[in-house]
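Shared chain: chain A. Partners: chain B in the first complex, chain C in the second.
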Partner chain A sequence: MEKPLMSSASLSAALIDIRDLSIGFTGRNGQTLPVLRNINLQVRAGESLGLVGESGSGKSTLALAAMGYLKRGLRVLGGHVQFDGTELFGLPRQKLEKIRGGRLALIPQNSGQSLTPSLRIGAQLAEALRLHSNLPAAAHPARIQALLTHVRLPDPQTIVLRYPHELSGGQQQRVAIAMALAGEPEALLLDEPTTGLDVTTQAHILELLRDLARETGMAMVYVSHDLGAIARVCDRVVVMYAGEIAMVGSTRQVLRDPGHPYARGLLASIPKLADARLPVALDGRPPAPGGAGEGCAFVPRCVIAQEICQTNRPMLEETPNGDLVRCHRPSLARTLPIRAESDAAPRGEIGDADALVLDRMAISYARPGLFDGLLRKRAGGALPATVDDITLTLRQGETLGLVGESGSGKSTILKSIAGLLAPVGGAIQFGDGAALPGLVDGRTPDQLRKIQLIFQNPDESLNPRQTVAEILAQPLGLYFGLKGQALLERSAELLERVRLGAHYLDRLPNQLSGGEKQRVAIARAFAAQPDLVLCDEVTSALDVSVQAAVLDLLDALRRDQGTTYIFVSHDLAVVRALSDRVAVLYQGRLCEVGPAAAVYGAPSHPYTEVLLGAVLEPDPDTAPTLSADDVIELAPPAQGCAFQRRCPRKLGGVCDTDTPPWRVDRATGHAIRCHIDRSAL
Partner chain B sequence: MLAMLLRRVLLGLITVVLVSLIIFAGVEMLPGDACTAFLEREAQGQLLENCRIDLGLNQPAFLRYLDWASGALTGDFGLSANGHKTISEMVGYRLRNTLLLASCAMLTGVPLALFLGIVAGLWRDRSPDLVVSTLAIMAMTIPEFVSATLLILIFSVWLGWVPGIVLTSASAPVSEFFPAIFLPIMVLAMVMTAHILRTVRSSVIEVMASDYAQMATLKGVPYWRVVFGHVLPNALLPTINVVALTIAWLLGGVVVIETVFNYPGLGRMMIDSISDRDLPVTQAIALIIATVYVGVNLTADMATMLANPRLRTLHTRKR
Partner chain C sequence: MRDAAPTSPVARAVVLRKNPFAGFLGVLRDIIRRPSGAVGVALVTTHVVLALISPMIAPFDYRAINSFSMLTGPGPEHWLGTDHLGRDTLSRTLLGGREALLVTGIATPLAVLWGGFVGIFFGLVGGRLDEVLMRLVDAFLSLPWILKMLVLIVTFGTGLGVLIPTLAFFYGIPVIRIARAATHDVVARDFVQAARARGHGRMTIIVRELLPNVRDALLVEGAMRWSWMLLAFSSLSFLGFGVSPPTPDWGLMIADARGFMSFAPWGVLAPVIALSSLIIGINLTADALAKALGIDRAQKAPV
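On to the complex of A and B.
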């Protein structure tokens, strides 16, 4: 039995009271595997609590358990969950239904999938009101309008008639928030509510949640892997590791000087916007459920682990700094760095030769259908191309970061360079001046070998039925004709290079962790000895600590091999850590191109400014600047500047009609495409 | 949306025309024609020549196709090769009988399949599911002629409740098919129920595990409202196509069942016409079955489109 987090006097005031809770499931050979171990957690009315941890740390399970809900297969092994004095597990379903969605509401991770696809938004909100409010049915429509306005959704009259799939991700999330507010809850559980949203949308949603919490005095439990989001909305942070609470402290304590080595490692692994250095990887992976031994669960990854850590499980104890830490040596832990300490990492050599030239490339997804041809409709019709006028030159060994919100055409450009999607205009050239045919069918094997693509999600890009050896044998056999012993040796060498051992050769992808899978995908790309590697959001499906390791690996590979990268990401801090030059895309058009330091500094294109302003830093003293609406545009405007509709610095008619000129700084090559002069930007 | 529907209908029509061409060409390529079949051993010399002139078989294939196809459009498939009965009359009764059997089987099988499938899905891995799933596997794997024979043994031989075979003539009024039709209905309903309920079951399980079903529960929606309001409308969508395929299978003539029960349906007529080398009848039935397949699948696609807001609003969505 562990010490409760608060003195017994304040216990009675806890709205959500979780005591000694353990949850687990039955493993394949019949033993019970714990997912949560002896959790003690109290949330007071009006308090805003953050739950952070890597995937698999049990944070979502804990949040759902706070509603008395368990996913299929899980069961309570011991302990209590009380809401305002009522025990939730074992409560009759009818009473539980009164509390859920009423006094205790959930905002789910992925609203797109959490709204019922066959019901209109209005019907789903009306259902929540019918269940949880005392309003007469006649008053429901007005209340629904008020709720939608409250979450700052434009045009609520039309929204109620929409189906969930007709809304953008940000709008869906707002609807979910409105639905949670319908029952006027006392406590709100938020399960990664902004994960998967664009930076600007995320910042807007977080501001909305902050304001709501302040207005209504709701308690909030905010589950996230993103310390930046936590820093913005929470008073107190709980760090979870391997189903246990690793530490608890005020947001400031946890983000500034945490006493647990894991929390410090986590902080150091986050790339920061103002920092061009690579974040420090936190090596290893958390133990599988039931895999933690007698001692501290963090031992295998802990750099200050000692003998006692192997044998004795540390208790959650208060340190002199006032935070609660589950560590035998919290004062020693505090000597560990929480940010990169080295000087700016030495970049690879950038050659003088061009590696790739994109000349006014345009890509369109509109394809004439069977009947369009018969009706003599022109391809694309009046719609402007999805991606247009992309002119970029990459030099040998250079890394170009490509940033922009979802739908900005980042991945489309990569697909086109890789030959998966033929451009409708412009040209792609290799450095030697040879034009690249638009599609893979037209390219020579050598051209194909030179360009390799690494995908976002290794779960989908690796064939689940092939072993790692078979996966690597594909490019090695295809491009180099390797067989037998030579093939095996080369595969093993590649695995060493991505910091996996030769013993991984006979594993299947589902026997690997997310980071290991992505390393295999990287090894597959490098097996071809490419000149140019296209990285499509390669770290966004990974935990931060794993992301840092993958970034480090990519960096080492390019320094060894002089590879040229195009690195696509929606995360501006990640792009900064790896890129020599950065290009900012909006609606398939370039807004700004230049050396990383210049793009991240002033002057900036208004869109770059909006993007940079919306980034959340893991720092309680920074706030995002919201300078433009987070409206999602579905198609670029037919003429003028691509950013005209959202631009906070729009000049007027000229932005609507004329394509803005490139304003170039001759010394650095930093170029901004805007009607406003550089000196005024 | 409307353009989309019209497009599908047009594609369906094109498919039917192509199928009719293939059927015609296929029959054309077979050695012999209606006259050789009709005249049998006397099919030679002047007699054959005269017959061909009589029936217009000496004309080019292209003209004969046009003649046949335009007749088929008005329901006139010409004359049968043996005897001088019109095909439309012969096939008409058979089609009616098949429709009768199929619709009775559907009216029994589809509701039963939905009910059992939903029960099995909601009580996943518990006794109702185990019972239903086991029975479904049995119904699917035991060959129809075996289950048909068993049912005859039980219900007509041992219990004597219903006749074991249908002795009614093809053109008899509908009422005379009862009660002999009960056993064929039972066998067909069993097989189709098994197929459909398995789809319903897995679909219900999938949707019950979806994020939105979980969200509805955590919103405090009572269990049965989650099931009826949030889960079933989404879970039943994929079953529309399975139901359609099953219906097409039923209407296409279930030869084995018709043979076992001596039921005068379309399937058996098809087999008979093939063994009799009655090419005009074979052609006509093949075309009817193909049209039914296309029609039923088209209806199912359109029903799915209308029932699924994602597809329904796909083309009206604001750009």
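On to the complex of A and C.
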């Protein structure tokens, strides 16, 4: 029904050809609910195509359908998927298996889980070669070495003998890429291949993929919610919304000046590293499958929606700018902002009183405690403390951002402040200067009430068996003794404050979207009327558009109530948007502390520099700087600087033996812990 | 923020609308919809109903000894024949499940309650105490159950007052393991951490956070324990340690009739079929219950 999206510039035939494809499932009441609607998409040989959209937009379903694969319960409602002229749906299993994994390979999101845990890396690669290449078995070992070198794994001879769990997340992902390359595929499908990896690792993997695509001439279909990653790898971007293609254009067109209001909203909701302002939230959520009306699917969230948009479904049409847009008013859409336009929102008053003082705090997992089943670190007698020498002061109403890679001890510090993990050294001082007992059992009810923790994943932090009313009743009953009508009124009021309504009270968590769940978790924390709220990666499980709304909510709450935040995140742009001051952690040791602007500017600690360099911006013209390798260390060094093993600016022996001094700028309070002088950093 | 006043009636209406039995009825419907569940529930219901009404429908007095019609085969008068004392097998089979159902019906919930509570508590507390307890449980489970039970019964005598606590005690021990394992999975989750960080007491955490998430596993375990307990009870009766004659009981009937099995098989077959059908029914129900509660499959519903 719509014309195929073949750019006129290209003359080569499409490698993957999807025509008028619709996929759906049967709902509870027997009606057919579409997940993908009339998709027309062609991927040419050697092209790398990005698929972006919020969760539920159908991007993963489309990528898997391009392999002739459907998740359980889904079925093809109409249309064709052809790979190099062969129709994939309806192809006998044996023939399909010849194509899949060989000519058409998939790299899944969590490759740690897709590798067989009980097989050595070499054996897994040999199996891939046996199934998908024509090489004689004698040539396999050499080919395995070549593949591992190709994906830039250090020391391939040793890697083949390792088991998957002995490798870091980034190394596992590289092995998965090597396996996918074993059959010398013509097309590679990547389903969020870097989600869940550290920024530095992510940047390295993306550079590898980019180079591989150039060298081998493979076509790539790259599914991601991360426009920064798309910007780095893809030539062309497809924006998905509610199972439809909302727009298609070159990466530059989509990221610089897209013609669809949804794409513009998505861009505006991404926090930018160079911008201290809060991103603009894209309100509302996409319709459920089958929930889109007669007109445009984006209408309920569109700020420029007009009458025609309510009644007529727009077609995907080429605009004067050369991109294809499914919108009745693309030229009007182009007037919408794609970044925050307002001045920085006024920050709340930062008082003079100290809200929290951490004095040389040290935390160790060496003694097994009640909850150490949760923790990844292994206990060991002689190991240095996991977190050591943390000295920080927070003022009333201030927001401190805590950044670092996974394993840097960010969450551990929050757990310790919340009283779930006793520090082994140092002291915590809270509020009026009284020392805070290490564990919850020793704290007064008032101290417990005033410190609240919000977790990363609301699926884990909300009891799936409790309704929203029961969830909110916990703190309200415990701290204020509220019951009956007073409890209901207060709960309803809290829900209003997090921009949900009282009608959410009888819902269970699995009836809520990710963003709604996190709002309930926030409402639960604020039910206690806390002075200090500890936010542990609170937006990292959410879509960007939802993330912007949650950041905005957190900002409004702190302005209303003068709350002090500690905001932990691995995402430097998110931290920038919310924090007054930022502390950078490496291996449980502070590297740099100071006002946000100073930490993000020069001079900075070599580690901060590495982190900032690896951040991917949704901009086709920026490239990450990769100045250090992405090896994850297992334990902090016993002496000297924590960053000694990866530091690109290491001086020599002094870094290995001596703890570096704090170099403080008296005017701003910006402090860097390094042997190199401030002027040289 | 909007005006708080109009929200309160809404809030009240919202919470009052909740039906506490909705979940239970939903699960029941889900069980019956599965073929195995439908058969299981039908068998168990039939047995329970028969146990309740059997005194009214039994054609003969179960004690009536008739020396002129010993070991007669099934016929128009005695549908399932008679035993070596000339008592009606049908009447005795109908009545023979009453004691078993009564004893196990009380002992099973008791076993799940105490085993479940101990398991959840030690799953939450963890540490050395937990380790010591689990080794004790292991040691206990390594002994043959019949030996343990006979020791107690020989010491304290038979009768319901001994049988019920004994069965409840022994069958609560494997429940400890299940409850502890299920609790371990839940304790590691953030909502329990959140409750701890808020400063809730251990009992509140057990009742509000852990129990609702462990409940399903305990229900299924309870159903399984019920069928094991029925077998144990019948075995004790068979050995002469359960109910005492002339009270009719399947285990006892099998013991009495096995000597005549070669020429009067109905005396053994009737109680065997009755006992087996009840145990099969319970097992099928437990299986369907586990599936309905999503315990043995992925927690997430498709799409």
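Just so it is clear, the second predicted complex is superposed on the first by the 662 of 681 C-alpha atoms of A that agree within 3 Å, B and C clash if a C-alpha of one lies under 4 Å from a C-alpha of the other, contacts with A are read in each partner's own complex, and residues count from 1 in each chain.
The rule we apply is simple: a contact is a pair of C-beta atoms (placed from the backbone, for glycine too) under 8 Å apart; a residue touches a chain by one contact, two chains touch by 3 or more.
Because the structure is predicted, anything quoted here is derived from the model rather than measured.
S.K.: Report clash or fit for the pair chain B and chain C bound to chain A in the combined superposed model.
M.R.: clash
S.K.: Touch check for A:R214: first (chain B), second (chain C), both, or neither?
M.R.: It touches nothing on chain B or chain C.
S.K.: Of chain B and chain C, which one touches more of chain A's residues?
M.R.: Here the partner covering more residues of chain A is C.
S.K.: Just to be sure I read the superposition right, which of the two partners does A:R93 touch: chain B = first, chain C = second, or both, or neither?
M.R.: Touch partner of A:R93: chain B, not chain C.
S.K.: Scan A:G419 for contacts with chain B and chain C and give back first, second, both or neither.
M.R.: A:G419: touches chain C, not chain B.
S.K.: With the two structures laid over each other on chain A, which partner does A:P445 touch: chain B (first), chain C (second), both, or neither?
M.R.: second
S.K.: Answer with first, second, both or neither: which of chain B and chain C does A:L505 touch in the superposed model?
M.R.: Second partner only.
S.K.: Considering only the touch criterion stated at the top, classify A:R72 as touching first (chain B), second (chain C), both, or neither.
M.R.: So A:R72 meets both chain B and chain C here.
S.K.: Quick check on the superposed pair: does A:S491 touch chain B, chain C, both, or neither? Answer first, second, both or neither.
M.R.: After superposing on A, A:S491 lies in contact with chain C but is clear of chain B.
S.K.: Taking the superposition on A as described, I'd like to know which of chain B and chain C A:P464 touches: first, second, both or neither.
M.R.: second
S.K.: Could you point to the stretch of chain C, among 55-63, 253-261 or 271-279, that collides with chain B in the superposition?
M.R.: With chain A aligned, chain C clashes with chain B through residues 271-279.
S.K.: Can you list the residues of chain A that touch chain B in one structure and chain C in the other?
M.R.: 71-72, 371
S.K.: Note which residues of chain C are touching chain A in the complex, please.
M.R.: Residues in contact with chain A: 1-2, 4, 7-8, 10-12, 14-15, 17-18, 125-127, 184, 187-191, 193-200, 208-209, 212-213, 302-303.
S.K.: Which residues of chain A touch chain B in their complex?
M.R.: My answer: residues 64, 67, 69, 71-72, 93-94, 96-102, 105-106, 108-110, 113-119, 127-128, 131-132, 163, 165-166, 176, 179, 183, 371, 634-635.
S.K.: Spell out the residues on chain A that touch chain C in their complex, using ranges where they run on.
M.R.: Chain A residues touching chain C: 25, 35, 71-74, 289, 370-371, 373-374, 415, 418-420, 440, 443, 445, 448-449, 451-453, 455-457, 460-467, 469-470, 474-475, 478, 485, 488-489, 491-493, 496-497, 501-503, 505-506, 524, 528.
S.K.: Show me the residue ranges of chain B that touch chain A in the complex, using the header's touch definition.
M.R.: Contact set of chain B toward chain A: 7, 209-212, 214-223, 229-230, 233-234, 308-310, 313, 317-319.
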